[in-house]
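Next, two complexes with chain A in common: one pairs it with chain B, the other with chain C.
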Partner chain A sequence: MAEAAQSLKPPEPAGQPILQLRNVDRIFDSFAAVDRITLDIYEREFFTIVGPSGSGKTTMVRMLVGMDKPTNGDILLRGERINDVPANRRPTCMVFQSLALFPHRTVGQNIEFPLKMRGVDAATRRKRALELLDQLRLPQSYYGKMVTQCSGGERQRVALARALAFDPEILFFDEPLSALDYRLRKLLEKELKDIHRETGKTFVYITHSLEEAMVMSDRIGVMNRGRFVQIGTPREIYGSPHSRFVSEFMGEVNVIEVRGEAGAVVDAAGTRFATPVVAADFDTGTLVVRPEDVRFVGAGESADNRLTGVIYNEYLLGSRVQYQVRVGEGQTFLVEKLRDQMPPGGPGSAVTIGWDARDSMVFPASRLQQ
Partner chain B sequence: MNSTGRGVRFLYACLIAAFLLLMYLPMVTIALASFSRTRYFRFPIPAWSTNWYAEVFESLSIRNFFWTSVIIAVLVGLISTALAFFGALAFARYRWKGRKLFQKIVILPILFPQAVLGLALLLWFTAIGITPSWQTAVFAHIVWIAPITTLIIAIQVYSFDPAWEEAAFDLGATRLQVLREVTLPILTPGLIAGFFSAFLLSWANFPLSMFSSGADQTIPGWISAKVQAGYTPQVPAVGTLTMLAAAVIMGAGYGLVVLQARRRARAEAAG
Partner chain C sequence: MSRASDFAAEAPAPLRAIRAPSRLASLGRWFAEPGVVAAAPLALLMLGGFLGPLLLVVVFAFMPGGTFSILQVPTLANFVEIVANSYYLSFLASLWLAALTVVICLVVCYPVAFAMVRVFGRHGSILALLITAPLFVADNLRLMGWVLFLVKGGVVSGSLQTWFGIEVDSMLYTSGATLFGLVYIYLPFMLFPIIMGISMVPEQMREAAFDLGATRFQVLREVDVPLAMPGILIGSLMTFILAAGSLTEARTLGGNAVTMIAMDIQKEFGFAQNWPKGSALAVLMILLAGALAVTALKRIDLDLIFGRK
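Now for the complex of A and B:
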């Protein structure tokens, strides 16, 4: 574990750390929902915590906003310990998964809520609310509309405007986009990234979708079983995952059960695979190849790894096409190509598929099992 | 298919009409009886009169019973709603060990026969040396009515998203501000419904009052006594007025809810 912690150091400090976690635990009965986490989040960065449900990400964010306390460890905001500071006295706030807009209030009253709590006068509040409506591309006429009459995307923007009205130093998001349809989600992801740039605030975003995290984040922390299994830029997480878990989390991948034998990676049938590093001996492990790194190999073309098989199925994904290729007994491969690349023939045709040694990702089972 | 559908629909309408008739006819009978000049009810009514109403309004004792009933009902309404608010929050909002048991214990009194409950309370009042009066009647009513009010308010509490309170707190509100700005306003329709239900249940209650009100008599108690001895059409006249009062109060409750919605709509128009 000590070795794993070493490799989780942030790659490029983007300024001063604003929020620091020092060996933070949250233990329920005897179960550690958050397990000895040490993390620095930097000023003005867009940091996303990704993990499957039950990985501890919600427990973690509840501690960060002050709605829960760590069992052990310290949370520091600009160097000051804030473990025991309640949520209403912290200069941070959160956009909830359910958005938690007040149903008995108008859009304007919702946005003005944090200002009203602070005793700001009505005229100033109204002025600020109208500014925020502009900033979030909502018409000013929405000021008097009931939030219950707004659409999903509008409610999303109202929730963000209300959080911005609070003027927090750090803005937390607990999967606020998860209830929206795909197109709206894509649009709002980009808008959120724009808002991040315009406001220059630190954003900490929680999601179970690595795809969503990739689009928006400066840095991503992938969580599993209460710990970070990898922290890095989207490029690093995608390009060089530390474990099978991280590589599979991004989406569909091809997985081959392998073992390491005298520096060679071999599967059960004895096929040798070309890989970037000479792996040490290991009993069991996995070799992972992304579908878009696998290509159809024509006669006379070369590839470090070659397999022959039969196209079994074809899936259209819009701009891309995915082929399911059966290789040998029971092993299927996914091959993903751009639409305009020549299809090698429909289902039933025999093909040779292949990929380069550098695209083989090998994870011995003994290392970073998560 | 269309014609059979129509036939079925006709039968259905008849059934509903019969049901409504059977439910409301007795109440209409009471009203008719109160307008009859003769002392005992006969149908068709030989001669009409509003004398009995005049007598009711002149009677000082009936006025007395009326005010006793009103005071008891208002107090029961207010106290039940306050108790029920916290009771409903306790089992419908917060998760804690034993909340299921708590819920059952709170709801249980509804299932007691009211006469038995009234008698039990009377024995208990006597044992600890309290003379039954309208105050003890308030207590007796609350024992039975507050659980019902709790159920009514709980319906509203179940649809309350705890994230509303968390969000308000997170946005800088104090605990008191959260209660005043978020929890109470969102639960207001439930509280209004709870209050009026408690008021009306107390207003019409006879068995509990009979055992627990001692020398102070309520309207239902007076009706019961008069039916047993000394019946005049004053009894149906008071009965009719009591029902009217209940209807007016229900109307007022409904009006209050509509008014709240209007005020909201006006706030919207202003923005």
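Now for the complex of A and C:
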């Protein structure tokens, strides 16, 4: 562990897949919660499955840890089929959304639980528990404290320590941070990434927040309706989403209904938009622009796409400011800027907004069907 | 006369006049509070119907034997006589049978309760209904039903003889029959608290233990039982106290095979017409049950059970 902590380079995910899914289905009555998924998760990778509630991500992770079985398909751990291996005989373990700490036990007893189940003697257990308290930045005096007396963030760390005491080959997380407040969540996200680096283990993380996924992951799989709609690095997911669904999942975006006409992208009013699409030919589709890609265009400045409107609302987001700009009858556009890039006037002032062709993301409707 | 009281005496009259009724007024306001008003009927009922007779029993316990007056000189003679004579035998019999009842009820109820909470799901309520249904019939009647079953030539021995030619003597009027009756009557008092206890164990906690490598037995020992303990303790306490103070089971099914403490108490009050001795026995029984209840309840967080935390 000491050497791992000193290494400044994050561990490279190895080329060897540790966990493989082959056409995995999970069908409840006639509804496929998980629908023919094939996926490889690599050794030492931080893989995040992200999707809205009901997308099948929890069903999927329950199959991966052994609390549920696939209806069809195979789950392979290092090449061996583990469909029918129960959770307590798999070398994997999970941090639950509720954490599921044992309320009648102390912090130390909770952490030692997996070792006790394995028949490890008390002295060795205690030594390991104290090591883990150190590793998770918890004071050693917490060993004898009841879990019920710990704060939310401390419980989080105890749950992680307990899972690490198990020494799993893959560590699963089912939205463990969702119940915490924003600041603590941000802190723990970064700590979790550090711990992933120090332990060099494979982490599989479930969340409904793409923002959370972006911070921590090596790779992200975006799920919707039981399928992966896109799998890629955080950079790929943010920079080149494959669908409107993925683009909208990251946060608020500007959406314009468009059609491809004679190679050009135009909206209902006939306005032409500059896009990276060369030969657009579709009946209906959407053009998506992120608020941070839109800027205020001053006199004499140019932009590939321009719209005029009136600032309607101003939202302070801390380091950034978001503007709601009315550009037409009932249509508003969001513009997000750093504080020092404030527009010429406040709400009520007329502005011209614009963005570059490369920032126009075009999704023909046929690709929405995914 | 100190200076302070001089001062008080010299205080202007109107001030004192306001002060005195203000105390009465605050007491009046307290009586008018909705909580107090709402609690009053129950408080009066408990005072008159529960605490009063209980106090009377306690006072009678210290009266000389055979008297029907509570105005005699208090004495410990009843307690001395209880210890000196063989009354402790019926105490022991009651405690022993009650303990056995608790153990048997626990062994029977835990799996049933577990199944009702974890396995049967919605159908669990049907089972609960089936278990509750007999409670609508009086204890005595149900026990008389068992007499017909267990008596010589009754349903059990008659069937065994007719079908298998096995000659069975009467199963009635044995300590075994008493124990059977106790288990039969007090089973629901164990079952429902345990159901409550088991449903308090979060499913995820069991899954987590399993996921961390625990075997089924380890999950039971480390998670299921400790976390259901409040329900188990309450069930055991109720069953024990009810069984230890029971009368009809030992009388109807047990005949004179076992003398339980309640039978002794009844005998002193009724046949022997010795209220003080009966009261002394009752006081000892109440102390024992009270001590048990306090010990057990200290370990249970009732607020947690009723979901107030």
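Note that the second predicted complex is superposed on the first by the 351 of 370 C-alpha atoms of A that agree within 3 Å, B and C clash if a C-alpha of one lies under 4 Å from a C-alpha of the other, contacts with A are read in each partner's own complex, and residues count from 1 in each chain.
Here, a residue touches a chain if its C-beta (ideal position, glycine included) is under 8 Å from a C-beta of that chain, and two chains touch if they have at least 3 such contacts.
For clarity, every value in this text was computed on a predicted model and none was experimentally measured.
With chain A as the common reference for superposition, the partners chain B and chain C occupy clashing space.
With both structures placed on the common chain, the touch criterion links A:Lys145 to chain B but leaves chain C unconnected.
Contacts of A:Tyr238 after superposition on the shared chain: neither chain B nor chain C is touched. In the superposed three-chain model, the partner touching more residues of chain A is B, compared with the other of chain B and chain C.
Contact with chain B, but none with chain C, is seen for A:Gly108 once the two complexes are overlaid on the shared chain. Of the two partner chains, both chain B and chain C are touched by A:Ala100.
Touch criterion met: A:Val65 reaches chain B and chain C at once.
Contacts of A:Phe166 after superposition on the shared chain: both chain B and chain C are touched. Judged by the touch definition given at the top, the superposed model places A:Ala87 against both chain B and chain C.
When the two structures are aligned on the shared chain, A:Phe282 is found in touch with neither chain B nor chain C.
Touch criterion met: A:Met117 reaches chain B and chain C at once.
Overlap of the chain B and chain C contact sets on chain A: residues 65-67, 86-88, 93-94, 96-98, 100, 102-104, 113-114, 117-118, 162-163, 166. Against chain B, the residues of chain A that register as touching in their complex are 65-67, 86-88, 93-94, 96-98, 100, 102-104, 106-108, 113-114, 116-118, 143-146, 162-163, 166. Considering their complex, residues 65-67, 86-89, 93-94, 96-98, 100, 102-104, 113-114, 117-118, 162-163, 166 of chain A touch chain C.
For chain B in complex with chain A, the touching residues are 161, 163-164, 166-174, 177, 181-182, 185-186, 264, 267-271. Listing the residues of chain C that touch chain A in their complex gives 202, 204-205, 207-215, 218, 222-223, 226-227.
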